[in-house]
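The following block contains the structure, expressed as structure tokens.
By letter and in written order, the chains are A, B and C; residue numbering begins at 1 in each of them.
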């Protein structure tokens, strides 16, 4: 006697993935639960700082920052731009913010938005020539740019050189430190999800799937790609801008490989193309890597292993897997 | 959408279980150990050796029963965490998170050894004042550290440093160059440094001094971290007939500078600091090519100086505790001060009769004791005073590699065990 | 003055050496990419792996140098081959996955070595032959002459290999038009795996001749990838003449910067060149215009 697994969609799903026919509060709750719960948890966790401890609040904050970078990675991936250098966005935002604060003594409330905008603009301009190239070429260029920019700062000694700029203004209070990244993450997460389902997002995905078809629709794909990079740059640069004031220091390490590898791993682990996936990935990866701190450098080897295993063996990612399980019944049926 | 919620919930539960609110443990109950936290770059040679030296000091103190705090004796316990900050790609915040993890989990009463990279040191000072932890740094050398303490004493008074800093290093080197100029009639030097703040600052200080004192400085070159081809400068040394090459490097790659100079048969005396040349085993590692090099020893200890008995004892005991293999690799910067820092803490805590941070800081400021590096006293800016006499101040020294593979101390004169000689290829 | 007289020859000679070093590093990466379209981001990892392997064979197993070199080149080539069959075969054609998988593999190898403690200055490879000669008054050590020799030899070898041997011709066939090549009986996967093996073996050759000049440090691995990629971007990734020309340009530009300006500005040359080339000719000086039609 042989069995096979049969999967059935739940009844509320009408016709396609995203349209639901709801007939009761239970079903509304069923749909709302997975959306509301993480939001609620993210919003409540900072309130519990005395219970959770400041160290884990810090981990929460870093998770948010990495999640932001992962989101920005995912947005670019939705247009078919594979980036190996999210650190570019992070570093640009961090340095511009640090410079504004260091040179003009602007308060964080001005420097962070300005740094975010200027960082995104800078990256878009820097990457705009490469947008004509697809796939691997883009990845190669994004890999080199942050590393070379760090070297550039090192040799030219501009922006503080190897020592960086320290003694920057701290964030005004602990609530801002904790809530700003959480709110920014939620804004980006739901904003990007919304965006990608609008007509605008369809164009972006169209560019990824078949750029010539989109071009034949008289759409300037480079302009759209540039916009996508700018939006992704906003999320990434904000992460950098915020961390600059949080650490009160900005240095060459703002372009560190960690800021490229972690978001990438988070996105691949969580599931590419859904925005929720990379967020989940970041919230698994960052706390995990804190626990793995004892093993030191071996952590990075773990990330690499996770990356390879996910890419080769689990290409859909954690999020898509969980979503499937949540939305479908599974049962064993007899065959033959 | 799915079980994202569950995951987040799991995260919350996990967070509640693992993290618990930090409460400063200012009072010791009888039987409680005094905890010393050692967050440092364990992968670097300075960090590795420093941590071994600290464990040794802790064992020695515990073997004598521990530290007398008021009426009770308490054992010492040291915990380390790897901040990995010697790797250029590690973000500052990652190193700080490591430090904070150590602080929150082990609840140390003091921090020793500490930061490797200057920017991390500067950033971690805020962390130390947040948790009110007395901190003695033994690796990072930036002079900005003292400036920060001088500017905001009340905030940063918890931070101390007992290793050499860049101005002191330049001071030592000017003395050595004065000596070399006088003895061999050299007039032309070529400065090659690593492109980091401490090395640049030291090089510039020396450059200024040389020019003011009748030397000609052929050129001043800096190399980025990780460079391993120094031939552009070496060709110029040869072309411009410089007699002395002054170097300041602490990256592992710098050892190759010496090898390249020998391979190209550059007829000039090498003086300064090249970290791989400092340890006892450099003679073998460089296949005797180090002969004649005049190298700084930032703080004595790894090089035993007979005039300071504790440095000789340290060197021997280190070999006994960790094996000859570890002793011959002892780095030129860090081990002596890290070892001392534990004794400084023990001494200060005994005098303060408590581990309460402000009292310990007060006691630390009044420190006056003999250690591995000589006499230890903190200046007003919380930097240990270095000088040329071990009876008056802490000591760095200069040695020259001579046959048959020994490091002969040539400077300062008070403790010198030999004279600087021209290397065989220049005779 | 003597000083001026020696400057020009030294720039010519050391510029050439530097160019050959860059070309040696970039060639393996470009070869793999040109044939199979796989950007082997594990290149830096393989480079360093072969350096450490030689060191371990010499110091732990006391192999003679020549044997250690042979074994290392073989093993690294095999590593590339296995990488293709175990990892890349499963994600072939998905650019995203290829890039991530090789990149992760490279970082994994490098960080594993770091974790194992291969971080100090004891890790140096021996010169093939010690000593030096004076060429036009410029001191040049034998190792650097070897580098020039091996670099030139490798270019010639590649030329003859790809034009006159069966495997070499199948490489070019796949590179020119994969489908036609398949229809003519050339096995695509086998050729791609071989191209990865060749690229990796070339990384090993480069490592063995270049690493004795410095020490084997983990960051060299990242740097090598950076150099390979930078040269590739400037010259055009899949084009061998492009790589050679770009190496000459970058190599001489660096040495001139180092001699007349400041040595620390040598790294900036890459950035300047990349930004310039991207602005003017995004596909590289010799690269084919690959905006839409090709996979890359």
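A few remarks follow.
Please note the rule applied: contacts are C-beta pairs under 8 Å (C-beta built on N, C-alpha and C of every residue); 3 or more make two chains touch, one makes a residue touch a chain.
Predicted model, so just to flag it, every value in this text is computed and none were measured.
Chains touching both subunit B and subunit C: A.
Distances between chain centres, each the mean of the C-alpha atoms, put B farthest from subunit A.
Averaged C-alpha coordinates put the centre of subunit B at 37 Å from the centre of subunit C. If you average the CA atoms of subunit A and of subunit C, the two centres end up 33 Å from each other.
Rounded to a whole number, the gap between the C-alpha centres of subunit A and subunit B is 39 angstrom. Across the assembly, subunit A contributes 151, 154-155, 257, 296-297 as residues in contact with two or more other chains. Within subunit C, contacts with two or more other chains are made by residues 114, 222, 262, 264, 267.
Multi-chain contact residues, meaning those touching two or more other chains, occur in subunit B at positions 43, 87-89, 195, 224. For subunit B in complex with subunit C, the residues that touch the partner chain are 43-45, 87-89, 195, 221-224, 226-233, 235-236, 238-241, 252-256, 259-260, 263-265, 275-276, 285, 329.
Only residues 1-5, 7-9, 11-12, 14-16, 18-22, 42-43, 81-82, 84, 87-94, 96-98, 100-101, 104, 118-119, 122-123, 126, 142, 144, 148, 195-197, 224-225 of subunit B touch subunit A when the two sit together in their complex. Across the interface of their complex, subunit C is touched by residues 77, 82, 84, 126, 129-130, 132-137, 139-141, 143-145, 147-149, 151-152, 154-156, 211-212, 215, 257, 261, 264-265, 268, 272, 296-298, 300-301, 303-305, 307-308, 311-312, 315 of subunit A. Taken together, the subunit C residues at the contact with subunit B in this complex read 2-3, 6-7, 10, 14, 18, 114, 117, 119-122, 124, 127, 130-132, 138-139, 141, 143, 213-215, 217-220, 222-223, 255, 258-259, 262-264, 266-267. Here subunit C touches subunit A in the complex through residues 33, 37, 39, 41, 87, 90-91, 95-101, 103-105, 107-108, 111-112, 114-115, 222, 225-226, 229-230, 232-233, 237, 262, 264-265, 267-268, 270-271, 274-275, 278-279, 282-283, 290-292, 295-296, going by the rule given at the top.
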